[in-house]
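Structures follow.
Both of the next two complexes hold subunit A, though its partner changes from subunit B to subunit C.
Let's look at the complex of A and B:
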């Protein structure tokens, strides 16, 4: 099963530190001083509505529609995540339309001389959460979140979460009678 | 594995690779205009010229993108012959497209900032690399644009130069174009795919079912996303999708920790 980063909206305070950490983690080392609105490309976005604030990012779907529709093999299933090979992207945006969560974007990207050829390869590329694969310390967003609202979820954590829900449901049956079935969603 | 020499350094590379791929893997700079990793080798622009010699290769200049690696192949990517030839190729390209910003920038990197050619010739931004044509046909499966004419009158065009009925408005042609000859122009809920002086196709964009922002063309949905299960190809803009994702996010105390 793929791993994913997921947020607990109950803990999120909407500070967007995760966005900044994400953009920096995917930029040149000197980005902190050179980052511009054009080069600020976070792969997760904090969404704020009247009732909730939470970062949304790639769910790393196991049966990923973006991978299925990509005509060039730009989006590939890696080890436990959906990865992008930017140099193959032709900018058709099929992935953008296919993704239900709105977490993949096709953007004009500045040529990064350090890891790409300067010309003739690609100017436009699919951008999504890659779980900071090239970063030794793991996802930067999870690390910086001041309220620890972001989590790395793998099959073990998911199984534990399911267990907690089951225990909660059982407890609610005892305490709250039939109301317990629905009340857990409110936190 | 195959052993080749790149600028005097020995490299082990997988069989079947091209010299261009091997050089890029070794972080050796070779310019390209008509190369794209999503597509096969084409050998149209020639700016990736290198000098090669080997047991199976007579010494001479060759396009790195179409030259396969072979045991004992010795490749020079910056020999005097390569540098000089590349300069002439850039001059020829500039003769055709003197107004292309990206071509000028690229040529300058390789020491070319003027051209002896192209006086009196017809100028446009197109370097005839064929990336748009190949992307449309091979990857999108549409072939809305194609080359027509020969020699100097060769150009990228639609059928009979008329508005294309085949184009699905994806804009991949514009995305891969190295010189900005083809552009996508979205305005007032409409999308136009434009080749500098020729309207390739024009569409009314479907609007987001939630916020009414223009999103995508009907033909694109019909053709590119037909493989998705029913109901999955929805017309919703990115922001509204994210809002929905956020709205369905569950806050269950300490569920992930």
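Let's look at the complex of A and C:
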């Protein structure tokens, strides 16, 4: 099962520290001294609606529509996440159209980031959360979030959460006791 | 391998400890340390707010040489320190001779310089110049909290600690947007919620904390006093207050009760626009909680009657016995990293270091003796916000501005600029060329945070040491050294070898700070005052055993009637402008505006937040540039259409130099604290038809602004 990074909107304060950490984690080491609005490409974006603040990023779908529709094999299933092989991207935007969460972008990129000569003159690249695969310490956004709103979800976390919820469900049944509707319908 | 230098973040008052990573004499990064308040967390300013030290010139250049000009029409020229000090000292002495010491005004700096430099500045004002005309930007932020709480409880600071917030059972958040002002305090509020606390939020805007609130009261802008009186009314009329506590530990109940009697929730419903039932519910929750804390910010203080509201908020805590024990109390969360400190060390027109009053003959005698002068001025000095009026009256002739940028942060900037032009002498001491320095006669370049060491006071009275990480570039000096040179040139020999020497002089004179030694603050050491002896651990919460620092030892219940905002909206100016904070930028923006990552996230001209219905009504489109104007000025700004802003009000952050909201704000202020009513200005919006032209005009104006600042330093 794939892993993913997700945020608890109850903890998010909309500060965008995660966006900066993400953009810098996917840039050259000296990016902090060269960053500009043009080169600022966070793979997660803080969304603030009337009632919710939260970063939104790739869910790393196990049956990923983006992987399915990509005609060039740019989007591939990695060990525990959906990964991008930038040199294969032709900028057809199929992945953007297929993505249910709006978390893939196709952006122009600099020549030196791609190891392939383009067919034409435009270098493009599909950009999405890669769980900071090449970063030893794991996802940068999770590390910097000052309120610990961001966390990694894997099969262990999901199993623990499910167990907790089952326990909660069980407790509800006990509280229901002899008035529980099952006993009534049974009798 | 980078060397780690442990220091304190220079931005908000949360007091986050961090390590600067230094390689080959340059900072290459910052990482959180496990400080008492931040526990290994930082916000974006802590992580990415240090590269201004590299003189990036994104907004304005660092000052690297003393600058001087004989006439304001001239360009600045680089001079030696001797020449700059001699010029400033001679001119200051001439002005003192001709017009008297009280014709001279000084500021402290609530920001990077630290407590020692501020101590030296107030000593310079009082012992060398001979005036109490000395103030800091607390005046424009939490001065009402200091004045209000000193009157009711005897101490102007947070009664509780940042760490205690998460263990309280109820938090009443009033006019305080922690998410943008203090992310690290916001974290404690979230933790409190997760530990089961009930959160009540009073704010006209649907702020981040409102999202997690159990009860949100969307109060109308300008109704604070009415709503707090209604709270008190409910506590008394529904007999929710702690009668025993009130009898034993407070004074003034009958009078207080009489004032709030008419403010029934049903009456206030019409003023505040909040259902009476919600007002009652808020107080039923607050009174029932085993521990409850009130947190407030500029939404309470930046008003014409901020002091009254502060007094009444402390009244709610007194009525319910929420003082004198852990995890409760009153929390005016201080904004700037060392605004608590500047007040602590006497950069106020009415108090010496350690809140000892200048009006007290014994205190004057003590300080005069320590400083080796025959006497010290007894009259309370001028406030920062009185400067324009005093210049106009001819009472003020010279202004020595240290580490502040009033030409960005004061209200009615056009009026302020006029005052600056009419001063005989303007001395600016700063790390950056800023809007204020453009009016200077002489500029002293100082070392920055990161280039010097000292002590900051965080918002909850916590003293912490910050350290030097890199060598300063250019012909710059630490602030305390510059002020010492000025003192010496003016005939008062002053010399310190280091900040510890200054700190030790200060703590000897301040009984409540005496036990806070440098040694104790080594590493992650955190000493909250009062700390009277060297073996004292410091004080996490004030008023233990319900003993208040008032004359009688009791808490005073003081209420006042609601006064409507000073400048009502009308047909021409139909919207209320309320000025607020930008999470990724700080204060007048000289520091964060020169940080690349932070500037990438947010840059000129900034946003005006406007409700969707108002946007429709005034033809405003999201992300488009528009004009916003008041009776005093007009600026360009970008629209952010959001349902979080309430109808009838718009919000601008005060960090922008082009979209400068203080061109619009007015000078009306609180009669006691002299804090301006930044939160209520009548404004109007005008669409701009040709957006492309407006965008290019904005870029041009920004380029010209930067070019003029750069040209000024040569």
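Worth a mention:
Here is the rule we use: the second predicted complex is superposed on the first by the 156 of 187 C-alpha atoms of A that agree within 3 Å, B and C clash if a C-alpha of one lies under 4 Å from a C-alpha of the other, contacts with A are read in each partner's own complex, and residues count from 1 in each chain.
The criterion applied here is as follows: contacts are C-beta pairs under 8 Å (C-beta built on N, C-alpha and C of every residue); 3 or more make two chains touch, one makes a residue touch a chain.
Because the structure is predicted, anything quoted here is derived from the model rather than measured.
In the overlay built on the shared chain, the residue A:45 is in contact with subunit B alone; subunit C does not reach it.
In the overlay built on the shared chain, the residue A:146 is in contact with subunit C alone; subunit B does not reach it. When both complexes are overlaid on chain A, the residue A:90 reaches subunit B alone and has no touch with subunit C.
When the two structures are aligned on the shared chain, A:155 is found in touch with neither subunit B nor subunit C. Of the two partner chains placed by the overlay, only subunit C lies in contact with A:32; subunit B stays clear of it. In the superposition on chain A, contact is made by A:10 with both subunit B and subunit C. Touch counts on subunit A: comparing subunit C and subunit B, the chain ahead is B. Once the two complexes are overlaid on the shared chain, A:56 sits against subunit B while remaining clear of subunit C.
Of the two partner chains placed by superposition, only subunit B is touched by A:103; subunit C is not. On subunit A, the surface touched by subunit B in one complex and the surface touched by subunit C in the other have residues 9-11, 49, 51-53, 148 in common.
Those residues of subunit A whose C-beta lies close enough to touch subunit B in the complex are 6-11, 45, 47, 49, 51-54, 56, 65, 68-69, 71-74, 85, 87-94, 96-103, 105-106, 117-124, 148, 151, 153, 157, 161, 164-165, 168, 184-185, 187.
Within the complex formed with subunit A, the residues of subunit C that make contact are 29, 41-44, 47-48, 51, 54, 56, 178-180, 183-184, 186-187, 190, 193, 206, 208, 211-212, 583-584, 596-597, 600-601, 603, 642-644.
Against subunit C, in their complex, subunit A makes its touches with residues 9-17, 19-21, 24, 32-37, 40, 48-53, 144, 146-148. Considering their complex, residues 24, 29-38, 102, 105-106, 109, 135, 139-141, 170-172, 174-176, 178, 215-216, 220-221, 224-225, 227-228, 232-234, 236-247, 249-257 of subunit B touch subunit A.
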